């Protein structure tokens, strides 16, 4: 029987709280060892809800604490890179919410540090890789059910939008998921991006670009299109489709019941991503804790995926700003991150 | 090129008007020769809308008029049998809205008269046999796609109900369609019926039985269940499913567009049968006029189907009244009405 | 923080093994304390897979063992009643797979014993009450979304069937679930049953009745129809629909991906109930363990539900055998089992 | 009653034959007056099938023949402009299959000629404007059901592809329909196009670009994306979606029956556009003949739509060839073609 993994949670906002609760209640073999947040009261409340975990004023102390086997980072984006670096230095497995860093260069340094260690300690929270619907698409594609994958089509809609939402934020916070899906489901790297954005409402701030349309080229002659609508109004919805040589496979829209009422036959659409990806968030942590326990490779996104995502989103921001297609360098995947590489030993010492 | 069939329309209420308009505008090779109705103005209006057809005060004159090649009966139920008999006597093809007669005995006399003539002149308006969705189910069953058909499941819902609606009316007006579907799609005859009915609202009249559940046994070990909900509220909907040995086939619910709005993904449901079966009503007449023109068997319901429907609905009424299962006699199909019979010559002289 | 509930598992066949694994891996606050099975090796294997639990040769010893806080019964149907009685005598919460007993009388004695204790210790494994799709239907109905529930329509299909399968087995093993759904979703009791059954293949044993159609009447003027097809061929599928005064609500068929291939757009259908109800089996135990931990009422099926199911299935067997509608007595729900009753204290001492 | 419109059909290949048969059998108030084709036998066969219409060796004679009230052009693309010009000169209404001409300049000359006449005689065969699913989307958008339309998303898949299929042909033959849908459903004009294309199979000719992804910008800040997959393998499918401010509306995929078989729940997908748009082709001609009979504006595509389509597809070809976004001039719609213009008198003299 594997030992219980005691996880320290840095950042206890909405996402961090969800992760802590999941670790405490729904992830076998995991426990919340401690929490840390800029809002100490919030950290303390979540710690109490998770079996009376310790509360750390200093997140670095949490990382170094000997009772903490692994770290989950859900704090502000700008803090991610430094916390991940500290985890690498402490030799502790870390699950970092996307983005891995704020610049491609910072992400690259983390990749280099991990390569220097020679083992994969970093997992990046791109949870769609654990969503049952996305996994069903991946299985079908991998099994060759629709022939070679030729095109990825992504739809990503949020119900509501803050009235100030610059295009680069839509790219780094939202489109990054779809870009990851394109890479993951096609098994190819992005080589070119073309982006157009729109401010859909006159009362949104002048800098706001809440609706984006991305067109990507990928290696091996693949293409992709991604819609990101931040103010879709009706709900939160994500759809991923792979067009292959002989057919297509698409994520089914989850539905529990069909209601016939008032001249309509209808199913409910989720309102926020925390509901839509409820199971994915659990399964992501289950997979991560298993990989930590067993010293096997995490099958979710790696530091390399985090780094490449950053490179592509940087290119998307440039494309949005210039209105021109932007070429994306596609460096070779280092040996440590290759799928066919011998599984690296990971996990707690 | 076939000659145009001049059709006389008896009864120009909602259904008869629809038929007349369809004949005039959408049925190739047909024309409206004349109309007749207890409300002469109504008959005249429809006649004018259909290319200036003649108006007959006496429906028997319409039937006998030499300019009328064929007759469509959409008048009150109680008049059907007599008008059909007159058509048989005049040797003219007739499309009679269901029911063929008001009693099984009256229907039986018409069947006998037609058999005496030795050719099929009578068609009965059970339009589902021309509905694209029902036809797709029939094709799949006939092709053996799901193995031998074992069970029919019918759903039949009306949006609204008059506050006085006796159970026998629900049986003869609504359930008769589903009974016909069961016979047609399974290719078997009903041998037993069991019926329960409910008055769903306290403000409906005491005699009202607006919701029915029927369970049928059929020849060759087949079963059927039929729901008739007359006050479904949300809309008009019909569903037919055949469970076979290796799979099932079900009518798809027609939908033109999917609307995502207010937290729902929805399609519209029709509100009345005239909309749901718009195409079926046209195709029924197209098929009928073709059969009249070419002297081939009409592939819709025959006088025999009309008679058997009456026998089964009579049994259903008895079952509803007694609360007991009622056995249904299954007389052998006369040669004139057998599917494998040599196609009888029908049509106008 | 609640104490961990140590569960003893009696019966480690397919169902018991699944329950044990779920308790061990996926149910927070639970552990497998021990196993017992007529096949000792099988019990030992499952015990080893569940963290090295103890193996009991005598299931009664397991029930009485002080390290066992609660008991799960998944042994042969004929053993259920005696084991449940022993649990009641030991004052231990017990989750018993359906059926609660083999006769209504045996079930009634258990209900009486539990009432004598004055607290609810018995839970019955009718897992659909924890299925996300069924729960969505229940929520909609309870919320009055479609008005008062008038009719329940159940479909229950197994892919394959043993070549010998008497009708009474189909009723007690399969239809019992749909009968429970009808009672649960309509909130009414069955008052009459009418049943017809068919042996669908000539090579099945003479006693086999693998396809059933049930028509039920319930209190407050409700109706129900239930199809049980044991040899559906294409897969395992369950559907539950409630027709209400203003609309209907139906379980959505679960689907992860839509594949377009070879002229079709298709979703996969599960092949066995263990896959279809994977989540329901987990959530049922999560709910049960929570109720044991917190001393609150289990929101799944009670001993009373187990008893009433038995009464109705007995009536169904009689109806199948006689071909006549059979009236079902509807005794008043004892105070201990009423939903509006003050929540009884349950759980481990 | 309106007079029957006698239509001369030029070009009796697959498309022209379908149109001729539709006119003969399914379009009220229409008749086929004559046919003409480079293959005289083919023209004669179709003429015979359509009630014994005349056969013209010279298509210009057909256009000028006094028995011909209106002309339908379904001949080779390169002949369209000249035949349309002849119809304008003869003052006869003409339905021209897309494209209206082979160059934007030729189309422009036709627009100018028609403007000089001061009435609209030219209809262009972009049949999706008559497809029930597309019309349902249009109605919802026009009714403001999903707020202002912001984005159009088009999917256009053919089952099979000739092994030689240059990208410009995919644009002018296939994408032109989706570009028209974008303009029509959003009510905006294209201002920029960006196009990427792929040859999906090594055995296709070197010049072949069978899969295209287009990204468009339109007036009023709208965007569009269009997938054209010419070798989709599984079937022929078209999907159109409009994303609005508060929701989305999408064409439903037509389906007649749901078949459950072999572990799948499936609906059939059409194999060719003649099946998918069967009804649209009929309704297009019904609408056209009505407009000719009544002297009202045809509600389908006009010469102006034909011209603008040409301008946009020209830009797409340039974008595909250069790999750069290409700006599209958006000339003001001439008064003759404005929707709010007083309906011009059209039709036969």
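Each chain gets a letter, A, B, C and D, in the order it is written, and its residues are counted from 1.
The rule is simple: a contact is a pair of C-beta atoms (placed from the backbone, for glycine too) under 8 Å apart; a residue touches a chain by one contact, two chains touch by 3 or more.
As the structure is a computational prediction, the values presented were derived from the model and not from experiment.
Ranked by separation of Cα centres from subunit B, the top chain is A. Just one of A-C, A-B or B-D has an interface built like that of C-D, with over half of its contact pairs in common by residue number: A-B.
Remark: subunit A and subunit C have CA centroids separated by 38 Å (rounded to whole angstrom).
One finds 43 Å separating the Cα centroids of subunit B and subunit C. Counting only residues that touch two or more partner chains, subunit B has 146, 232-234, 246-248, 255, 260-262, 267. Considering their complex, residues 1, 24-26, 28, 51-52, 132-133, 135-137, 140, 145-146, 246-252, 255-262, 267 of subunit A touch subunit C.
Residues of subunit C touching subunit D in their complex: 232-235, 237, 253, 255, 260-269, 271.
Chain contact summary for the complex, subunit C toward subunit B: residues 146-147, 150-151, 153, 192, 194, 196, 198-201, 211, 213, 215, 217, 221-225, 227, 229, 231-234, 243-248, 323-325.
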